[in-house]
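In the two complexes that follow, chain A is the common piece, with chain B as its partner first and chain C second.
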Partner chain A sequence: MIRGIWTRETVAMVFLAAVLPVAVSWIWDEGVLGTGRLVFVLVLAGLWQALFTFFRAQPPSAAGAVSAFAIAVLAPEVGPLQFAIGVSFGFVFGELVFGGWGRSVLSPAVVTIMFLGFGFPVADWPHLPVQIGWATIPAAAILLFFGVLPWRVLVGALVVLIAAGGFNFDLLTSAVAFVLVFLVCDPAVSASTPLGRWLYGALFGALTALFAAFWETAPVQIAVSAALLVSLAAPLLDEMAIALWQAVRRYRHG
Partner chain B sequence: MRLWGTLTDPILRQNPVTLQILGICSALAVTTTLAAAITMSAALTAVIVAAAGIISLIRRHLPSSIRLIVQIIIVASLVIVVDQFLQAFFFEMSQRLSVFVSLIATNCVVLGRTESFSLHNPPVPAMTDALGNGLGYSLVLVIIGSVRELFGQGTLLGTEVFRTTEQGGWFEPLSLMLLAPSAFFLLGGLVWAIRSWRVEQVEVSEHALAPAEETRG
Partner chain C sequence: MPEKILTSEAGVSLAPWMEFRVEPLAEVGSLVAQGAPILRDRRRPECIVTAPIAGRVAELETGAGRRLTSLIVQAEGPCDRHQYDTRLALGELEGGSGTTALRQLLQSSGLWMRLRARPFGKVPEASTVPAAIVVMAVDTRPLAPDPRHAIGEENTARLNLGLRALSSLCDGPIFFCQDRGPDIPDAHGRLKIVRIGELHPEGLAGLQIHRLFPARLSRQVWDISMEDVVAIGQLLSEGRLPETQVVSVAGPGLREARLVRCPPGADLRELCYAFMSPGPRIILSGSVLDGRESRWLGFHDRQVTVLERREPTPRHWLDAALRRASRPEPVIATAAVEQALGGAMPGMALLRALSVGDDEAAVDLDVLSLVEEDLALVDYVTAASPRFSDLLRAALNRIEANA
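After this line comes the complex of A and B, so read on.
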């Protein structure tokens, strides 16, 4: 996808710009401790990225910074050694072994967070303050304005979430909003056909509503688990959309 | 000298698990502790060596149409002997290994070696080859078993290496290591490490990748 100035790195830069309003409100809330976590993830993820891109002679990508921020915000609270293992695992096995950002099936942030969640089930999940939910609105607006965010995913998810919540915004907690905009709508891991994107967004909404109804746990864990399952389903949804399109064509044109 | 090559080849160069990706079912299932991994390795090595010897002895009398059935009968009888032995002398361990000792009968490593090597070679090379494959399998199991036990419980063979937080130490056990997915990750990482070191083991890719897009167009 290279059109004029639109290279992979432009997309990454737009994502970084969209993260800024959320980052400001989050650091305002978390203070020095949160900044420390963020710097820790950024340095570690940067080291792994640098190592792999150096040996593969690839240009580095700024997209890792967005994943690093998502990890700092959403990861369960574990000790520094466990955190380092989780971040290394997430970036290496979630993204870098597949060849870097844009080639992987899963987002490294989702892999890291779920790894820590499964690995340390007793660790506390963070509670996202309400202003982060509001701060994702300008972020989503920036991404939608530049056309980076797949809007069908966003609309599909919102429709299902609002309908499942009985036509109010109860299900749309700040954790769900953050995960939806930055992890589910990441164009590198979301479905890429129009119908596939509708289904992908709707599936995220449905899974979140399902988990919220039957699972007594933190909203962050619900949202990230749903994100993991839908990104695993994304290739299947694309395949279904393409098969349907081919069937329709065959029916129409013989 | 050729015997030495037959013995050492399957340990790294032709490893049944990491190169041929055989027998990974038991490699995933019984490696939660090092002791279980070692017992399973010993059981498999005993079965494969004995089976290779017996099948190699009768290879000239074996009609090829029923050779698979005969091989399975021999392997299964040996497995029953090993299983009974474990139940008699290591009862707790045989409880922990549960069905996986009996499943050696269907282990692809065993049948693969008897079918492809023992049927065409005299007993001594056949048993050497079987021993090599058993050791190659054991090597992978022991590596994965020790990593899983060390990081999952902080112990090795039941003795404490890292003092866990529950006992007032610093090590927080990684309970994911005790679940099956971690064995997949470790095995994948091991295969990856071996193939980046020994490039000749890398498989030919089935599809050509589209040329990489440059970030500057």
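After this line comes the complex of A and C, so read on.
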């Protein structure tokens, strides 16, 4: 009779609202060049979404704008043609062919960034200024307040990162904070069971710590690589959590 | 105390899932006493519907497959109440010798229809023995009446008698789910009192069955509301069915919310009209989450919700065409969805299994303990289309057909 509000687009709008503080501080830092990149990704992502809407009747999602912003912030510095190929690959094969945001396994931002990182290994990785790390705190607060962010993932990842860094915040760079809040904690690609979410967050923290210990590279590459591997592991973690839940119930209820 | 209202008309409105095929036991135009049998299911003679009020059967119509379309009883003459012979059933209960007469009495008085068996949420077969029975003395649906209003000095004794009758029907535990206040019934051997919270969906029988004693294909769990157990007690001690039940009449379309005692199947217009605020209104039998628009109080409903009737605003033709053509949007796993399922099971996995029609996975996630009303809150929160409660019913029907 009456319908509630927590549709996919409401969640996407909350994500967009949470992106705003980070977007302001990033545009402040990057200026016109950064804005141009952002507009370029937004237009390309919008184009692909529109094509899928017309040819496959797949409703577009505002979450694409969040992914577009993440790509503009994190993608390695390549030429415009390579950049366009990477963004198209990420959106089409990372998300749209699976049925759009909410049905895909990977975030299009992670796919794009890893595609560009693997495809053009000599390209420079961006260096995120420290204020972006601080700006993710209000963003995470907004998402947590609306219950959109899976808090178990966030806490699991933070605990492992802080413990692995010898109880200081050295591992928690701006890049890791940004990737954790906007790519790893995306509820559409993260694990969905409570235990699965703890494991998912902890695995992200562990992989980040591992890569940081053995890999001399930019924090952005470390964080995004960890995000890619951990989102591929999410269905497995969920499966494990459900199997454990079923075993406990068989023991308890016969 | 709730105000007692005897409406001048009452009808019978059965939920579609009950699959009731009508065989009339009373003629149109004849006088019936309150509580006298008037309808029987042609395929399952243990299912009997009794007259909600004393009066004349004014209308009895059946539709395709002899499903009930409308049955109206108009109050007329003296308030006769049908008297049932309970000596055999009482003797059985005292002597502890079987349950044949007790089952017979419950079936002939229509109280058997108040039981709901899980899996599949149908009225149980005449001779099944459940593995457990859950009695719900909590209703957490929005604007639902507190079932404690149904309990008074005299009803406590009836409740205890009804619970004894229930425990003779099954060999397993009887779970009595109540709020955190003082104990309502006297606990005995197999009667376990379970205290549950006040927030929806805690008060749904499906969630409690899932937690306490999951239903399986091989073992049934029945659920019944406390007021119906009181009715069983009253039937056993006095031989008559209760005249009224506690119903809350509330909602944003009313000037004031009321708590009344009215007959089952009461005329909802009569209950609501005098208290409605001006403007177009819609009267639902049941809660805002799982209610249906109806003229009569539904068979299992204990609340009436009055809402403002909103005509859908016309969309631009392009927008409408795009929406009609598009696929439904997926559900995102937010805290709201988790809370709507009570946090008791891997909720998103269950919703995904239902939406792709994976019955095997759904059974592994304990879908057999649930019925439509248990997913009504998820449907509300996520505004999902198609509704998960419809998907659940389809999955249950498939599982039942294959079993």
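Keep in mind that, in the parts below, the second predicted complex is superposed on the first by the 251 of 254 C-alpha atoms of A that agree within 3 Å, B and C clash if a C-alpha of one lies under 4 Å from a C-alpha of the other, contacts with A are read in each partner's own complex, and residues count from 1 in each chain.
Following the convention adopted for this analysis, contacts are C-beta pairs under 8 Å (C-beta built on N, C-alpha and C of every residue); 3 or more make two chains touch, one makes a residue touch a chain.
Predicted model, so just to flag it, every value in this text is computed and none were measured.
> In the superposed arrangement, does A:Val148 touch chain B (first), chain C (second), both or neither?
second
> Which one hits more chain A residues, chain B or chain C?
Ranking chain B and chain C by residues of chain A touched puts C first.
> For A:Gly166 in the superposed arrangement: first (chain B), second (chain C), both or neither?
After superposition on chain A, A:Gly166 lies in contact with neither partner.
> Based on the superposed arrangement, let me know which partner A:Ala57 touches: chain B (first), chain C (second), both, or neither?
In the superposed model, A:Ala57 contacts chain C only, not chain B.
> Quick check for you: in the superposed arrangement, does A:Gly31 touch first (chain B), second (chain C), both or neither?
Touch status of A:Gly31: no partner.
> Touching A:Phe93 in the superposition: chain B (first), chain C (second), both, neither?
Once the two structures are laid over each other on A, A:Phe93 reaches chain B alone.
> Touching A:Ala241, do we find chain B (first), chain C (second), both, or neither?
second
> Figure out whether A:Ile85 sits in contact with chain B (first) or chain C (second), or with both, or with neither.
Touch partner of A:Ile85: chain B, not chain C.
> Quick one: is A:Glu9 in contact with chain B, with chain C, with both, or with neither? Answer first, second, both or neither.
both
> So chain A touches chain B in one structure and chain C in the other; where do those two contact lists coincide?
In chain A, positions 1-2, 7-9, 58-59, 61 sit in both the chain B and chain C interfaces.
> Write out the stretch or stretches of chain A touching chain C in their complex.
Touch residues, chain A against chain C: 1-9, 11, 53, 57-59, 61, 99-103, 146-148, 150, 187-188, 190, 192-194, 238, 241-242, 245-246, 249, 253.
> Quick check: in the complex, which residue numbers of chain A touch chain B?
Residues of chain A touching chain B: 1-2, 7-9, 58-59, 61, 78-79, 81-82, 85, 89, 93, 97, 115, 118-121.
> Residue numbers of chain B touching chain A in their complex, please.
172, 174-177, 179, 185, 188-189, 192, 212-217
> List the residues on chain C that touch chain A in their complex, please.
213-214, 282, 284, 288-289, 291, 307, 322, 325-327, 329-337, 343, 345-349, 364-366, 380-383
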